[in-house]
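For clarity, chains are labelled A, B, C and D in written order, and residue numbers in each chain start from 1.
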Amino acid sequence: MDSWNEKCAIVGVFNSNRSAALCYYSLFAMQHRGQESSGISTSNGYDITTLKGEGLVTSVFKYGLEKLVGDASIGHNRYSTAGEDSKCDVQPIFARYSLGQIALAHNGNLVNAEEVRDRLISQGAIFQSHLDTENLIHLIAQSKATKLRDRIIESLSCIKGAYSFVFLSRGKLFAIRDPYGFRPLSLGEINNEDGSKAYIVASETCAFDLINARYIRDINPGEMLIFSHENGVCSYESIQVFKAEPKKCIFEFIYFARPDSFVFNKCVYEIRKNMGIELAKEYKIKADLVIPVPDSGVISAIGYSQESGIPFEFGIVRNHYIGRTFIEPTQSSRELKVRLKLNPIKELIKDKDIIVIDDSIVRGTTSKQIIRILRKAGAKKIHLIIASPQTISPCYYGVDTPDISHLISATKSIEEVRDFINADSLHFLSLDGLYRSIGDEAKDGEGYCKACFDKQYII
Amino acid sequence: MDSWNEKCAIVGVFNSNRSAALCYYSLFAMQHRGQESSGISTSNGYDITTLKGEGLVTSVFKYGLEKLVGDASIGHNRYSTAGEDSKCDVQPIFARYSLGQIALAHNGNLVNAEEVRDRLISQGAIFQSHLDTENLIHLIAQSKATKLRDRIIESLSCIKGAYSFVFLSRGKLFAIRDPYGFRPLSLGEINNEDGSKAYIVASETCAFDLINARYIRDINPGEMLIFSHENGVCSYESIQVFKAEPKKCIFEFIYFARPDSFVFNKCVYEIRKNMGIELAKEYKIKADLVIPVPDSGVISAIGYSQESGIPFEFGIVRNHYIGRTFIEPTQSSRELKVRLKLNPIKELIKDKDIIVIDDSIVRGTTSKQIIRILRKAGAKKIHLIIASPQTISPCYYGVDTPDISHLISATKSIEEVRDFINADSLHFLSLDGLYRSIGDEAKDGEGYCKACFDKQYII
Amino acid sequence: MDSWNEKCAIVGVFNSNRSAALCYYSLFAMQHRGQESSGISTSNGYDITTLKGEGLVTSVFKYGLEKLVGDASIGHNRYSTAGEDSKCDVQPIFARYSLGQIALAHNGNLVNAEEVRDRLISQGAIFQSHLDTENLIHLIAQSKATKLRDRIIESLSCIKGAYSFVFLSRGKLFAIRDPYGFRPLSLGEINNEDGSKAYIVASETCAFDLINARYIRDINPGEMLIFSHENGVCSYESIQVFKAEPKKCIFEFIYFARPDSFVFNKCVYEIRKNMGIELAKEYKIKADLVIPVPDSGVISAIGYSQESGIPFEFGIVRNHYIGRTFIEPTQSSRELKVRLKLNPIKELIKDKDIIVIDDSIVRGTTSKQIIRILRKAGAKKIHLIIASPQTISPCYYGVDTPDISHLISATKSIEEVRDFINADSLHFLSLDGLYRSIGDEAKDGEGYCKACFDKQYII
Amino acid sequence: MDSWNEKCAIVGVFNSNRSAALCYYSLFAMQHRGQESSGISTSNGYDITTLKGEGLVTSVFKYGLEKLVGDASIGHNRYSTAGEDSKCDVQPIFARYSLGQIALAHNGNLVNAEEVRDRLISQGAIFQSHLDTENLIHLIAQSKATKLRDRIIESLSCIKGAYSFVFLSRGKLFAIRDPYGFRPLSLGEINNEDGSKAYIVASETCAFDLINARYIRDINPGEMLIFSHENGVCSYESIQVFKAEPKKCIFEFIYFARPDSFVFNKCVYEIRKNMGIELAKEYKIKADLVIPVPDSGVISAIGYSQESGIPFEFGIVRNHYIGRTFIEPTQSSRELKVRLKLNPIKELIKDKDIIVIDDSIVRGTTSKQIIRILRKAGAKKIHLIIASPQTISPCYYGVDTPDISHLISATKSIEEVRDFINADSLHFLSLDGLYRSIGDEAKDGEGYCKACFDKQYII
């Protein structure tokens, strides 16, 4: 479909003899953050074992999960854009290096990856994958520091961009967020059966819920947590590696995160609902029904309905079965592809003025097809309301966005977009409305990256 | 999960050179009616070719769909209960017989299947599958009539039970519903590129929407449609084989059908919403929120909210990724299994009195876990409201229901069930409320089978 | 490759709690008699369970063999010609019928199969596969006799052709050869761990060797063995159903059987070696070396070398790795296909006059390529000697032979064939030489079917 | 089975638009040199594309071979010992480095791999696989030389051990043998359709035969060939990087190579036959038959028979179907495993004194089972004659040998071994006999590595 995509989910579990299974459940809960490949690395104190492959979590770990024995594990889900996919690009990446063994999983995107890679290559490094992540292992391996923590800190100072990392050595687990905190990473704890505690870090807290972990706090921007056993006791230490200059990805609230997650210590559901409420305040439209594009527009549509008093109806049904569908080569497929996923309730829509809520418009082609289908279903007037501002610029911080030339709002006015998608009216949430949805402290968008809306790139 | 399951979906397409592809899309749209196996048989006028296998539609037809060349096809999705699954039980069933070749797909359940089978066997027939459907092919093959239509009619008079059938011979396609019309079957038409018309019959009209077919009407209870080419023109003929005594499965409205389908010529979405409205009239409960169990309770919850004025919230999020999930053998898995699918929005639920809407209670175990999870999420009071009457008796007409001993409402009072699942209150839709939801003509439930609620079995 | 192929192997094991495993090993030993599909049916006394599928024995039974629990089993390997392959055509065939359950595996070919099938179909039977074997189950099912043995006997009297059958009912196992004994079937016994005896019947005795079974005797042409438990004791009974008129397939000695098997109570290796000896007596050729086409010509070449005194050399090496090999669409593939399998030892062959021994010539195309390759390798003179008479007519008794128009010897003289394949000389074993190779009692070929050489078809 | 195994086959093709297909056929011909995994890398001048995976050649390249477009390719077959197998260990290895892109395939074993790896690691390199080969890419990447050829030469001077390498850069192909020439590597040429020539290097010449390539010569020990296009003309240049001190692996003649290959410019078949002749001179034994253990003992047995006059018989038949066979957990499997592969011709062996010829004895367990089976088949006396000296020490140069404690001849006298395997007599070829078999210039074994027989390790 025609959407922006979060590139990855990461998870780390420390001090649990169920560490690999807990990573597995967490990756399953975060499947929406990467469906192309998945992997888990587990340390038993002596060796790190990795199981990874292409496909959904249930398929990658169909056989062999029982071989991942050890009390510390990290895991990764990956979204890959076409053409880049290769078996060697699946994470975690594992390497033997001067301090022993290391595995690494990365959510984000390094903006100076090519520059670092070129420098490393010119110094004699070899790269076997297309992953930014390989840079970091090289930097760590080439550091002269004697402790891994110092090597990591030293290496991080060479890279720029968006990253949340989990590192697994044979005895420790490290979790780090970049100084801007672009990508989320939360800390939780789990009661072990023997009374001790295990720790978990994960991109989204929906992973915590599934495994009965308690949310403790977010890892801070620029912070590194080091999990280790000291004198037989498991604990973690915090190092504020970089001064925090928060630029949290505001799009997590709009689309990426599951609504049942807490992201940046905020309830995603509430924010999405607030967006609908703000939209209803900004655009008072007369209509018979409020209808979400499922699943992305559902929560905002509830908010819009509650604020406006216009009834909420589940007017478009989504077919949740996934997998590459056969399309006859002779058929024009654009509408068919949308229909394979979405189908309107004609009886509801016929002869009605409807407000349709979606999260964002990327290329505009899907919105155009949805409106076409709704018109065929008999809608009289169709007002498309988008629960985010216009996306006018790509993301360089770990989100898979199309080239700017394919971002319809980058080159077209709202009126031109409306005309293209053939809506009766088209409205976007204002940036201020978005801030209000997030809450007081987000006034003026401080602390958030919103470069896709205003082109203010921090790096 | 803990639900009743429709056993099958069927589809037939006649007079389209895209007949197999149209069946494929239709089966994809009806994937919810059978995820165990799938198959399509296509006739090119001389021979019938079948492609079938175990798995989801996208996987069964991953390779080879292009070999199904011909302008008439039938297809089938199947839900199978454990233990019965065998490669030879996948439909359509194909056979060579005295009039040539025939393929057959069946949605339903024959109540006298064993009796007919025993009689056929005692007369020398052999059975290679566990399918009721095999009976019918034998009856047709043993008939002395010279025309297939007469053989089918003769054979149908020997069988009792719930059935919607599609038959494919080399030149014709037959679609039949039993005299009670237990299972749905609708007729639609499609414009071919050359201006001619193709016909489609399918269990649910959501299949029509996907392929741009127009709904014409339902096949009547006891009616047979015969699609053929006469003098180069494609047309269909109707024969009322049996007097119609409608006993349409009322559970299609409650759970089986997709909400965007028309079933028994009624909009499923509207009926489900009406159920919520009726529930709100029957049970006026003070609460902060109305929350559906997704996806089964969503539409009724919208109705309940609109009628009661209590805000609707999507308070439980569903993980739609399917596939057999690894469960550690050492963990008690019941709650985990529910958590793998459902997760509450704690921020919404905490300290709230909530009304939870679901479609039905079968064993009660899932409801118990959902309530447990909601309590952990901080709900103060939990009122479970079920958008159907108590299911007190199994179905013998094509629905996979557990043994009566596992139907919690068969042996326990509402109060006992409430106690078991640990809800603060528990309410079921009344039968009259259900009739009102369906509409005027359903007064007293006439025309519908509701044996699962009242044990009034017609056969 | 360009050869005649035996269509099947069958096996049955009775009174062993390892019955399915013993069938599995036996089918593995007889893999050369059918590589397309494989299956085993096992009875536990109450139910018959079948595991079957397409592929080699090791792949079909990779998972699930442990589910075949019971002390009686039958198994089947199948060779299928292109176009006929379908999942439903894999044996054993299983059916429920008036006496309970039956499974059936068949090696051979019924000459009146179509006639019987047409009659059965006209009487109302349905056929779900393309297998001759389905006929027999119908005949048994339609019989009025009260005992299975009588039904089998009655049914066999309706069919004509070549067959060795194993039948499995819930409590008994039946093994039958046709009155002519076209296809082999041997009886053996195995010591169980508890001191009791298990019985095995198999197409070739190489199966016995693998599982340490002792050869007892061949089932006679026209004989049926019935294995059962009487008063807790396992025994078998013999019924001479038809008068034996032996017409044993002489080609088993020439090509089909493994050389380590006893077939028709004769050692295949010895007969093949005798053929080489007879050839050396019939054709005294001056040459430097005797070279077999591996593996089919190896044993006869040893005999030829011993009798003639010309040294035997393994001058052509065979690549035993199988599997469909990628061939570039742009390359002429005939020579490549032969080269993928066979490669000469140039150093041996260069400037030598060589005698090449093969078992038979079918189309002639492979022989032509082999000679071409040998000439490229530097052979001076190439004398091709065939360890069988000219095959001038197809087989209708269970062997996959090409249409007569593709049998090069059917239409061409020896000199014309020699010219086509470009040999310096070409010789075939005489029919008398073949009889002498088999032994005294085969004088005049009595007791053997040799219709492929002399067109004397018995039925 | 119980044998020594060559670890790998390599191939490189330059200046053919069929380069990937020619590599594919070559790897198929050399399948015996590595059945665990396979891979091909192809350069189109701009980019190198790799297709590799676990399994046999036909399965790894079942899909996708057509994507390997380019006129230069290298390929690799791999034998891996248990426990080491990992998807990342499959060759060719590919890397981006300071001069662009490189792919590398390796046959052999570096004796200082760990030392080099440790040094590289201490200097900051990371290792993602268990392969020795990864060392070399690092050394090349870290070199300061500006030309790849100089980097390769510089890197080779750091490594010790047995190696034949093929390197593919975007524009060139390099083929190198170590100074001792442990592992074979031959050069051939192929006529392209346009009249130009393509070049091939491969471990064994059987690859040349399959694709109609002409053998030119062996790459010399210590020599590097560089294939390139200069002014549009394809040519190759030779650099004698190291002084040749030939220590060619003598075991290639005994077991590893296919008999139809030329290895070290000698015909393997002839040498193996000579071994049999030498054995017959060394051990004059009275017996009725000479029987090879197939396939390893066949050629030597022919030689023994010709020299001794004792008739050669193919007295043990081998089942060539491969794949992991199911073994019942309850059965003692050692004899069964041998029986699954080998079966004697009882009729030949019964009451005979037989000479059995095999290539070598490793653990002795297989020989013991073979003799056991032959005794059961009725052999009176069994003389086991081995066509090689006693293997008393492991190989460190690219051959998979068991730990010395499992080499039966390392700790037991010939008499003790004879007793263990229960032969009537046991004889090994003398080292001198082995030299004589190879030919005049091998007098005293000069130019050959025979450390497995005499512990004289060169490095």
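Note that in this section contacts are C-beta pairs under 8 Å (C-beta built on N, C-alpha and C of every residue); 3 or more make two chains touch, one makes a residue touch a chain.
As the structure is a prediction and not an experimental result, all values here were calculated from the model.
Student: Any chains in contact with both subunit A and subunit B?
Tutor: Joint contacts: the list comes back empty.
Student: Return the chains shared as contacts by subunit B and subunit C, ordered by label.
Tutor: none
Student: When the centre of a chain is set as the mean of its C-alpha atoms, what distance in Å lies between subunit C and subunit D?
Tutor: About 36 Å, centre to centre.
Student: Between subunit B and subunit D, what is the separation of their C-alpha centroids in Å?
Tutor: So the centre of subunit B lies 61 Å away from the centre of subunit D.
Student: Using mean C-alpha positions as chain centres, tell me how far subunit A is from subunit D in Å, no decimals.
Tutor: 49
Student: Among the residues of subunit B, which are close enough to touch at least two other chains?
Tutor: none
Student: Mind giving me all the chain pairs that touch?
Tutor: So, checking each combination of chains, I get A-B, A-D, B-C, C-D as the touching pairs.
Student: Over in the complex, which subunit A residues touch subunit D? Could you list them?
Tutor: Spelled out, the residues of subunit A in touch with subunit D are 87-88, 93-98, 121-128, 137-138, 141-143.
Student: Please output the residues of subunit A touching subunit B within their complex, sorted ascending.
Tutor: Of all residues in subunit A, those touching subunit B are 18, 21, 24-25, 28-29, 31, 56-59, 61-62, 65, 206, 209-210, 258-260, 262, 267, 269-270, 298-299, 302, 306, 311-314, 317, 319-326, 328, 331, 336, 339-340, 343-348.
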